[in-house]
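The block underneath contains the structure these notes are about, expressed in structure tokens.
Going by the order they are written in, the chains are A, B, C and D; count residues from 1 in each one.
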Amino acid sequence: MVDLLSHDMTYTSDEMMTVTASRKLVDGQVCFVGIGLPSEAANLARLSHAPNVVLIYESGTIGTKPEILPLSIGDGELAERADLVVSVPEVFAYWLQAGRIDVGFLSAAQIDRFGNLNSTVVGCYEDPKVRLPGAGGAPEIVSSAGEVIVMLRHTERAFVPSVDFVTSVGFGRQGEGRAGHAGAGPTVVITDLGVLAPDPTTHELTLVATHPGVEVSEVLSHTGWDLLVADPVVITEPPTPEELGILRDLVARTKEAHSR
Amino acid sequence: MAEFATLHDAIQDLVPDGATVAMEGFTHLIPFAAGHEMIRQGKKDLTLVRMTPDVIYDQMIGMGLARKLVFSWGGNPGVGSLHRFRDAVEHGYPAPLELEEHSHAGMAARYAAGASGLPFAVLRAYVGSDLVKHTEVASIHCPFTGEELAAVPALNPDVAVIHAQQADRQGNVGMWGITGVQREAVLGARKAIVTVEEIVDELSHRGPNNVVLPSWTVAVVACVPHGSHPSYSMGYSTRDNAFYTEWDLISRDRDLFARWIEAFVIGTEDHAAYLSAISAQPQGKEALGG
Amino acid sequence: MAEFATLHDAIQDLVPDGATVAMEGFTHLIPFAAGHEMIRQGKKDLTLVRMTPDVIYDQMIGMGLARKLVFSWGGNPGVGSLHRFRDAVEHGYPAPLELEEHSHAGMAARYAAGASGLPFAVLRAYVGSDLVKHTEVASIHCPFTGEELAAVPALNPDVAVIHAQQADRQGNVGMWGITGVQREAVLGARKAIVTVEEIVDELSHRGPNNVVLPSWTVAVVACVPHGSHPSYSMGYSTRDNAFYTEWDLISRDRDLFARWIEAFVIGTEDHAAYLSAISAQPQGKEALGG
Amino acid sequence: MVDLLSHDMTYTSDEMMTVTASRKLVDGQVCFVGIGLPSEAANLARLSHAPNVVLIYESGTIGTKPEILPLSIGDGELAERADLVVSVPEVFAYWLQAGRIDVGFLSAAQIDRFGNLNSTVVGCYEDPKVRLPGAGGAPEIVSSAGEVIVMLRHTERAFVPSVDFVTSVGFGRQGEGRAGHAGAGPTVVITDLGVLAPDPTTHELTLVATHPGVEVSEVLSHTGWDLLVADPVVITEPPTPEELGILRDLVARTKEAHSR
């Protein structure tokens, strides 16, 4: 149990983002998790309201219950605390492609008006301004998972009208939708400023919530297009002392372990 | 049956210039020592294949060993960019690098097809992704349902290089933990080099996920303790996370990178010498006045 | 998450008449108890799927539970023919049996496609075999090399039934030794029933070839000690080879077969009763005056 | 070491067949083994002149070194004494189909003039006189293995002019050859009377050796077509005391173990 008094009840915008994302996971769901922000939020969910969430990492660990956050997709912590470990060809064929994943949980360098994701290049492919790491598992996670939760920090560089390269399709260049995909695609985008969701008919990302203390104007100024705003815009519930306590303990344990 | 040899001889005999080489690993069991030996021997015009090229490929690309990279995700795990890889792609330094780029699902299926003796693999992938405009993906229809799916060509590297925990005295290889696509890389390759932490009388199968590669599927086994540093070998070593962070600084600067390679790789005669150099000067960057 | 139930309830709730049922096993871990329970409940019009139908399918076919058999090798392992299977195919007794017949390679690929969510599998098979005239095999060309290969449709049974050594209290299933195509059968099926030798606090992974099926991939776990008799469960029981030999005699005679089923299956209320009946009268044939 | 004096030096025709077949295996070869006669001969080879032969059973055991002969393809003995055990889909895809097998070693119910094998039906498929077990792994073993050794007892019912059903193709209905197959097919057929091999040009099975004491006429009378006879026909070397000793010890160990 967490000792609430031991924790400062102010919180950072990253903490707000992580807590908000973790709340989107439902207990018992099977979740394919990306490293970094998604992994932090997914494990917060597992350690708080969703103890039975099944976390799958693309390195092949299934039913993963890390005590500390992994720095890399292949940390030993993931293998040692998994129900089973399978090969990478198998995790993509027997587990992701087969449609066993309820929620894909990932980040990207760029996202656009229609929820398309870019993790390949900034600029043109042949002569890029910035060469990014590349697709990894993202295109098939976004295509095959039942739905996708996207997490990234809210900046004009990240939120662009149209991504330079469609690594993973959200709703298409023109918002045409999800034909040819098993899953519903990005149903929510969680940032350090608020929450976006695609319009049910036009698929255009719409601001549906802001975090406490964040003005809608601030979100708009950090978005590279004229962002649609829901009416009313909900204010996110601030992190509870328990959520913050569990998150900070997790982060502290992680720092301590990785500094050894 | 696998032969036992020194890493030097294995790389010299089995990795000709121009070869297509897959050095696999999913942040665990990365064959760093083998990559360093290729740098020492000045291999040229290599086509490097790997799902997750990381620091060892950054070093090889930075030294101009590679003509082409076949991959699906290239980064410094948990840290960020591969600056030598970016410098090659963005500025052609020290040489242009041709890219053959896939998703993880596509690369994994290509390796599995290679290990199965099939010319291609079928999968649900690439729908709507711009990747299809820049890589070799075909569409194929199910002869029974008519459904359209993606097809990717099999991967059959000339040489696969992996690092494992153990080999027994007959050359059977044992590994456990996260083993990524290493088995498929070895079974799909024409020849395989395996560096191991230890030669044992009997494989200990410490699991999870015990994998055995029979001796007759491996060309050469070389015993190279800590051959995965700064990566790790479950049961033998832990990941040197500080090194990966430091690499971000070293690799940002062309000269600092060159001096680091000179001091720690080219300047060391083998992996044992590399390890003592690293442990003597853990802060490689400061040591080089970077 | 898997639910725990009695075998009786699992079969009653998850196996409707007319279902396509895959009861897999490669002479190890054969789910005999589950098959006997289907006979007790008088299931009808089943499509039975299995690479290696053996004595349990012989019993189910002999009792007229099956409308169709999808398979690649049907025999009494180490003994010879399945006489009830032959009687059904050769004389339509007790009912005609439709056959969908493949090679092992084809069936294994069909199960793997089913587990992968693909509509078909590609393999090198059936070239020149008369099997292609009697089963569903298509030819497909590699979009990159033009090479012609075989395609077979995926297998996705309504229900997979397997026997395993262990389940933990969360319903995670653990098995080891020869596990055949059981994992693919479970992952490819709409629902899976697993009978186990024992419920344990922690899976013991006694290997070789430890396989884990997460609880959430299984519908129901039923604890049925010696549920694989006369087959075996490595680590728990040995194969009752005498029974397989004796079955050759019992199954040759329609009446003797009927009396054996009456005495040992229909006449026993559950698997525990079957086991005591068998151990009380190990010589089933003589016991029946056969 | 085997005590020669403890063994009767007369031998049965089955023992002659098994010993002859075992001699065909070369040390170090990778052999895909069928249950029954082939398994007995392959293990005799492993226990005598070919200690490094790699035996693979279709149940997924690779590098199998049984101390007693398996009754079934899935005996625990096979798994306990294997270098590794893999799934059945894998043994066919990664090991057989990939071309790693030097020698396929199997039997059949019928074989014809051109080495085609039948293990499916006697009579017509739709209304069979005898329904046989079926293909199992045979079609792909015969297609993919570098070469195939066939073992079966020499009877007119087994050696037919043309098989009722081509389960596994030898050299085709008209002896047309091996187009479309990676392997060389049945290069030798070993029976309890002698040894047959396909003619290099016509692919027609030809009697090349008889076992000691067996007349060529006896082989012809047990063959359902006018069997070609090589000139000269070699006489098989009788089993050595050591071969017989090892085989009989193996069979005795096996009987003892399975009668427990």
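Quick note on the criterion: contacts are C-beta pairs under 8 Å (C-beta built on N, C-alpha and C of every residue); 3 or more make two chains touch, one makes a residue touch a chain.
Remember, it's a predicted structure, so these values are computed and weren't measured experimentally.
Just one of A-B, B-D or C-D has an interface built like that of A-C, with over half of its contact pairs in common by residue number: B-D. Rounded to whole angstrom, the centroid-to-centroid distance between chain A and chain D, based on C-alpha atoms, equals 58 Å.
Chain A and chain B, compared by their mean Cα positions, are separated by 28 Å.
In terms of their C-alpha centroids, the spacing between chain B and chain C amounts to 42 Å.
Along chain D, residues 84, 93, 97 each make contact with two or more other chains.
Under the contact definition stated at the top, the residues of chain C that touch 2 or more other chains are 117-118, 123-124. Interchain contacts give a graph that is no line, ring or star and is not complete, per the touch definition above. The full set of touching chain pairs reads A-B, A-C, B-C, B-D, C-D. If you check the complex, the residues on chain C that touch chain A are 1, 115-118, 172, 187, 212, 214, 216-217.
Every residue of chain D that touches chain C in the complex is listed here, in rising order: 35, 58-61, 70-76, 78-80, 82, 84-89, 92-93, 96-97, 120, 125, 128-131, 133-140, 143-144, 165-169, 172, 180-182, 258. Across the complex, chain B is touched by residues 117-124, 136, 138-140, 142-145, 147, 149, 151, 153, 205, 207, 210 of chain C. Every residue of chain D that touches chain B in the complex is listed here, in rising order: 28, 30, 52, 54, 62-63, 83-84, 93-94, 97-100.
Contact residues on chain C toward chain D in their complex (touch as defined above): 25-28, 51-52, 71-75, 77-78, 81-82, 85-86, 89-90, 101-105, 108-109, 111-112, 123-131, 134, 177-181, 183-184, 208-209, 232, 234, 238-239, 241, 244.
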